[in-house]
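Same chain, two partners: chain A is paired with chain B first, then with chain C.
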Partner chain A sequence: MNWPASSSNVGGTSATTSPRLRRRRSTSQAERRRRLATWVQQNGVLFALLLMGAFFVSRSDRFLTRGNINIVLLQVAVTGIIAVPAGLLILAGYVDLSVGSVMVLSSVAFGQVFKSSGSVTVAIVVAVLVGVAWGLTSGFFVSFLSFSPIVVTLGGLAAARGIAQVWSQSITVSGFGDAFGKLGTGRWFDTPIPIYVAATVLLMGFYAWNQSTAGRHLAAIGSDEVAARAMGIRTKLLPFLLYGLSGLAAAIGGLIVTSQLDGASVSIGQGEELTVLTAVLLGGVSFKGGRGSLLGVLSGLLFLGSLRNGLILLKVGTFWQQVAVGAALFFAAALDVLYQRLERVALEKASDSDDVDHVTEALGAN
Partner chain B sequence: MTLRSRREMLAMSAGLAGAVVLAACGSDKKTTVTTPSSSSTVGTASAAATTAPAAATTTAAAATTAAAASSVPPAKAGGQIGFAWTDTAIEVYRPLIAGAKEEGKARGYQILESNNGGDVAKQLADVSTWVGQGVTGVVMLPIDPAATKNAAKEAKAKGVIVVGYSDKIDGEDGSTTFNHVQGGKGLGENAAKWINDNLSGKAKIGLLVIDEMQVGRDRINSAMDVITAKTKSTVVGRVKAVSAAEALPAVQTMLQANPDMNVVLCVADDGCSGASQAYKAAGIDAKGVYIAGWDGGLSALKSIKDGGYVKAGGALDLKEVGRSVVYVVDNIKNGKEPKDKLHDYVIVDANSGKPLDDLIAAFA
Partner chain C sequence: MPTEDLMLPPLLRIENVKKRFGSTRALNGVSFDLGHGEVLGLIGDNGAGKSTLVNVIAGVHRPDEGGIYVDGVEQQLGSPREAQQAGIETVFQYLSLIPTLTITDNIFLNRELYGPGTILHAMRRVDRKEMRRRVEGAYQRLGLDLPPPDTKVIALSGGQRQAVAIARAVIWERQVVVLDEPTAALGVRQTLVVLSFIRRLKEHGVSVIVITHNMEHVLAMSDRIIVLRLGRKVGDLITSETSGRDLVERMTGAAQIQLEAGNPDE
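Presenting the complex of A and B:
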């Protein structure tokens, strides 16, 4: 954890300080605030997760069992798969609100193709293609035609679910066989397979977010698209491809849930976009783009999953369960606002002390 | 016009054309289907996010109406009936709307549909649109009784017949409702018998509920009243879950806390398949588990017939319910009876035979 810097270098009395010393002190305060902001952004939800986990452990002897940990990880696996490209999109200043509906559309595509062809392989290929095609179409409108991402993907949210309903006539297709069932319910070393899929996607996400050029470019686009374009970054192509990946992730998520239910039901994916968004924002990714970490997103996911799981284990009433999830979303928004305020104060202080470049550079590096 | 503007115009035109084609393909050949506000599951998304799609959905709705109007002859004698149901994605909607359309065709009514995803604001917006266009009647499932009451008052002031669906509405002209208490008690009797026969009268029960709706409380609480009176069972969990996708994680978690939970009552039988999969994934044999729910969805009925985890269900004759949506309005218009139709549930299990087969056949 990056704890805030100590305050040892801000002593002294104002009556005797020189302007130079005051500037240095101001710079130091700005630096401390910057570090505090970074810590809050990167670790606040992790700290909250640990506190909450300790509380549930003290109240339920089932919470920390291997079986329950597997259940929590299994229940956040699909959201985790979708949250990786979703987080990258938000980092770049975009958003995909259609993921839940793309999940159900891919699921229905799988069910209907399986019903007509009898082939699981063909059905999977079609389902994945449907998801990717939907994502790329959204990406085309948003990236190349500069449509609002919220409008385009909310339109997609309604349209994809509508198509799924028309295509399936709201009838659940089921009975896909044991081989396909392993995708959602199979185990490897006593750990559910969806957890491995999610872990793989998260590892790829960590590489893309922190190590790859594309990840840095996406953060740059989210910070200042005009400046990023001037620097030669492909400000249209990268988000376009990312929407395609978002569609792919939603399709994979839809197939996993279809496998778990052994049914292509039109109720799949309802509200998934809100769950993904909550996890990403809880994890400290700024809704305005340019800032955030995938570790934070992972913490946000585990926070949500553990919260729901713990409340059920403690037999908390259904209304209070909803209040708790709503409070989590409020907590996410509050963290975002807190970070932005600390960031603004840091910049203002740095500006006073003629040290803007230093702080801006430091913030940008985040 | 700039290059970008031209591109946007081109894209918007293409989108609009696509919407018209989709609407034309999706609309019924004999009845008009309008969707004043399409389904959305965004829930508590920000105001900014929810305002934005309004224009898009309005455009889509207009396209749908236009496409349907061009291919559908207007109703003759009856007029139009707006049916403000909650979620058209639910499996039971198919036979329900089929019954309504059949009766509508016979009596000369067009059926207008609403898919509001359980959002009361969208439901009221749909009703307001229908009242504005001069429908004969609106049939509403009251998501929020207080809000629906005001909408009913406004509709009646403009001469529109108001019918409560599933639950009664203050000031309504008539109703088509379900005997939830009878259905709850009936399924409770079935569950109690199974618990006494198979578990020596002691079960650990998990409940999948939706407590904010009267129908949800009536079904679950009536069943539990009977089970509590006739067995020595205990409730080990109560979680909000309606659909299969919600029921799966809910039951998974309840099983972690209570591995010996052996009865699950689902407020809607779509949840039964999710509950079944949770037991299957946990490696628990179906023989010692009783899962049951209400509605009469195809998947649940087939599961009951096939044997396995789902042992019973409280089913409605969905086609008859759909027909009543039309004939209640028509009766009120023509001063006939019944103006209030109360539908009983049929309790079915693997031994039900023909009644179960008939319910499954309604989905054909």
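Presenting the complex of A and C:
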């Protein structure tokens, strides 16, 4: 191992021409595998969605009509709004299981405040504040006090619905007027308003996920929290705030459903946390954190909506729909494993070839 | 600049640094200088104070006594960030790289570049193209044969990960790079890779402090070697004028060594 202290020969160009070429070729092969793996991970559900869509189109004339598309989109709109912060939370290695109950708590808060104040505006503000406060409280325990996210938000799932039932005494308040009814049932250009709300939230989500520092910092936290902290990332503040956004999204979802029903019913949001989780995980976001895309979440969402809708159009019973959703989740889990295996294969290839040639180069320069 | 070396203060000066943890004296008055473009080996047995010294230079620990000077100016290194701003980048033994992010994202993590179209302060739009371009520039300048900048770190070998961490230091134009056991977890081949990167850093005028316990590596790569033992400096040697045997004797205290001139009292 000689060490020439003053070597001006940086690359050792002539001696290493052929190993360089060899390396290029094998790296590009490894690179192709890696890209394929990434593509499978990010677009697997999209591909499944298109296949399934084609199948339903061939079996039903109604599937691809404007009216039916609106129905599918409307059905997934509320789930979509909540899935954006939920997906980011899972990307960061956290989870919020309380969203369904925060929906009903916000809805009941809206109903009760409306009943006593008579003002829709005041009631909306209170409902939103309740959602955000609940989210931030969960976030405080999970982020700053390092409580288990699953346990804390599972507690929230039970507690928030319980509080909603006690507060409303399980009586549904209704009669909020036409203006508030527009939020859930109104249309612009023949498209229901909740779809616009969901589209706006998704666009903001795309920006946060892909374009902002917040998105990559959350991915870093989910991938390796210790290393992220060492790089000065705010590993506690970011998830804390994200829990607040999760509560906000749940409150908005709760208000939309309240508007659709024209009633603050205690049955709102039941099981919503599992639907959201299903869409996010179908979309290829790794439950271990660090990996995933919002395009995947959107695909998972549409897959879930189309699957239910298509099976209804084909007059398949609801229990078969549940079996189909289960099978799809299993498929997503299999894709996740396949992806990680591909990535590892790519790693072995890359390190083999690169090392040999770096050695050649290091020796050649001496 | 190299011709005026005698006129300039040393790039980094550690002066009489002391640090104790409870009743343990981890560092008991260590002083040394680091010149421009110099590769300094720092060796010592377990418990000699190597890690404490690294943490002091990296801004992780504040020394109880003594000073750190960069280009003759005293620095208060209260956090890793302040050390970086003073021009010192530390690559720890357990690398602070995020496996599922790309090389570019890792190099710019928490120091992202922003393009036009700023909305909110916390939601600034990152300039992917410019960051990628700079990483490619660093590859070229350093002659690094790494996979493309948008490759995820999870797909890199141990030696390549070291190289990414080193490239991070170069992109940020640090004057001093501290490498904590850069070859500890690596095989023979990857060690050679890292050794060649250290040489390239030197060629680019970057000063390097390498902490290691591998005698062969420190003799191969350094210009000068500092030996620590029980929190004190027991050797400050020109590499070409020393031997592995001499170093081992100083590390283990087998021979009683007179401290070098210019050292603090006690």
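Convention: the second predicted complex is superposed on the first by the 311 of 366 C-alpha atoms of A that agree within 3 Å, B and C clash if a C-alpha of one lies under 4 Å from a C-alpha of the other, contacts with A are read in each partner's own complex, and residues count from 1 in each chain.
In this section, a residue touches a chain if its C-beta (ideal position, glycine included) is under 8 Å from a C-beta of that chain, and two chains touch if they have at least 3 such contacts.
Everything quoted here is computed from the prediction, not taken from an experiment.
In the superposed model, A:Gly290 lies in contact with chain C only, and not with chain B.
In the superposition on chain A, A:Ala230 contacts chain C only, with no contact to chain B. Judged by the touch definition given at the top, the superposed model places A:Ala199 against neither chain B nor chain C. Contacts of A:Ser212 after superposition: chain C is touched, whereas chain B is not reached. In the superposition on chain A, A:Val122 contacts neither chain B nor chain C. In the superposition on chain A, no contact is made by A:Ala324 with either chain B or chain C. Judged by the touch definition given at the top, the superposed model places A:Ala133 against neither chain B nor chain C. Looking at the shared chain after the overlay, A:Ala220 reaches chain C, while chain B stays out of its contact range.
Residue overlap on chain A between the chain B contacts of one complex and the chain C contacts of the other is empty. Contact residues of chain B toward chain A in the complex are 4, 7-8, 11, 22, 25-26, 38-45, 48-49, 52-53, 55-57, 60, 88-91, 93-94, 209, 211-212, 236-240, 243-246, 248-250, 252-254, 256-257, 270, 273-274, 277, 280-281, 298-299, 363.
The touching residues of chain C, counted against chain A in their complex, run 80-81, 92, 95-101, 105, 109-110, 112, 119, 122-126, 143, 145, 147-148, 151-152, 154-157, 159-160, 189-190, 192-193, 195-196, 199-200, 203, 216-217, 220-221, 223.
Those residues of chain A lying in contact with chain B across their complex are 60, 62, 65, 67-68, 71, 74-75, 97, 100, 141, 145-148, 150-151, 154-155, 157-159, 161-163, 165-166, 169-172, 174, 185, 257, 260-263, 265-271, 273-274, 277, 308-309, 312-313, 315, 317-319, 321-322, 326, 329. Interface residues of chain A, counted against chain C in their complex, comprise 1-3, 5, 7-8, 10-11, 20, 23, 27, 30-31, 34, 207-208, 211-214, 216-217, 219-220, 222-224, 227-228, 230-233, 290-291, 343, 346-347, 350-351, 354-359, 361-363, 365.
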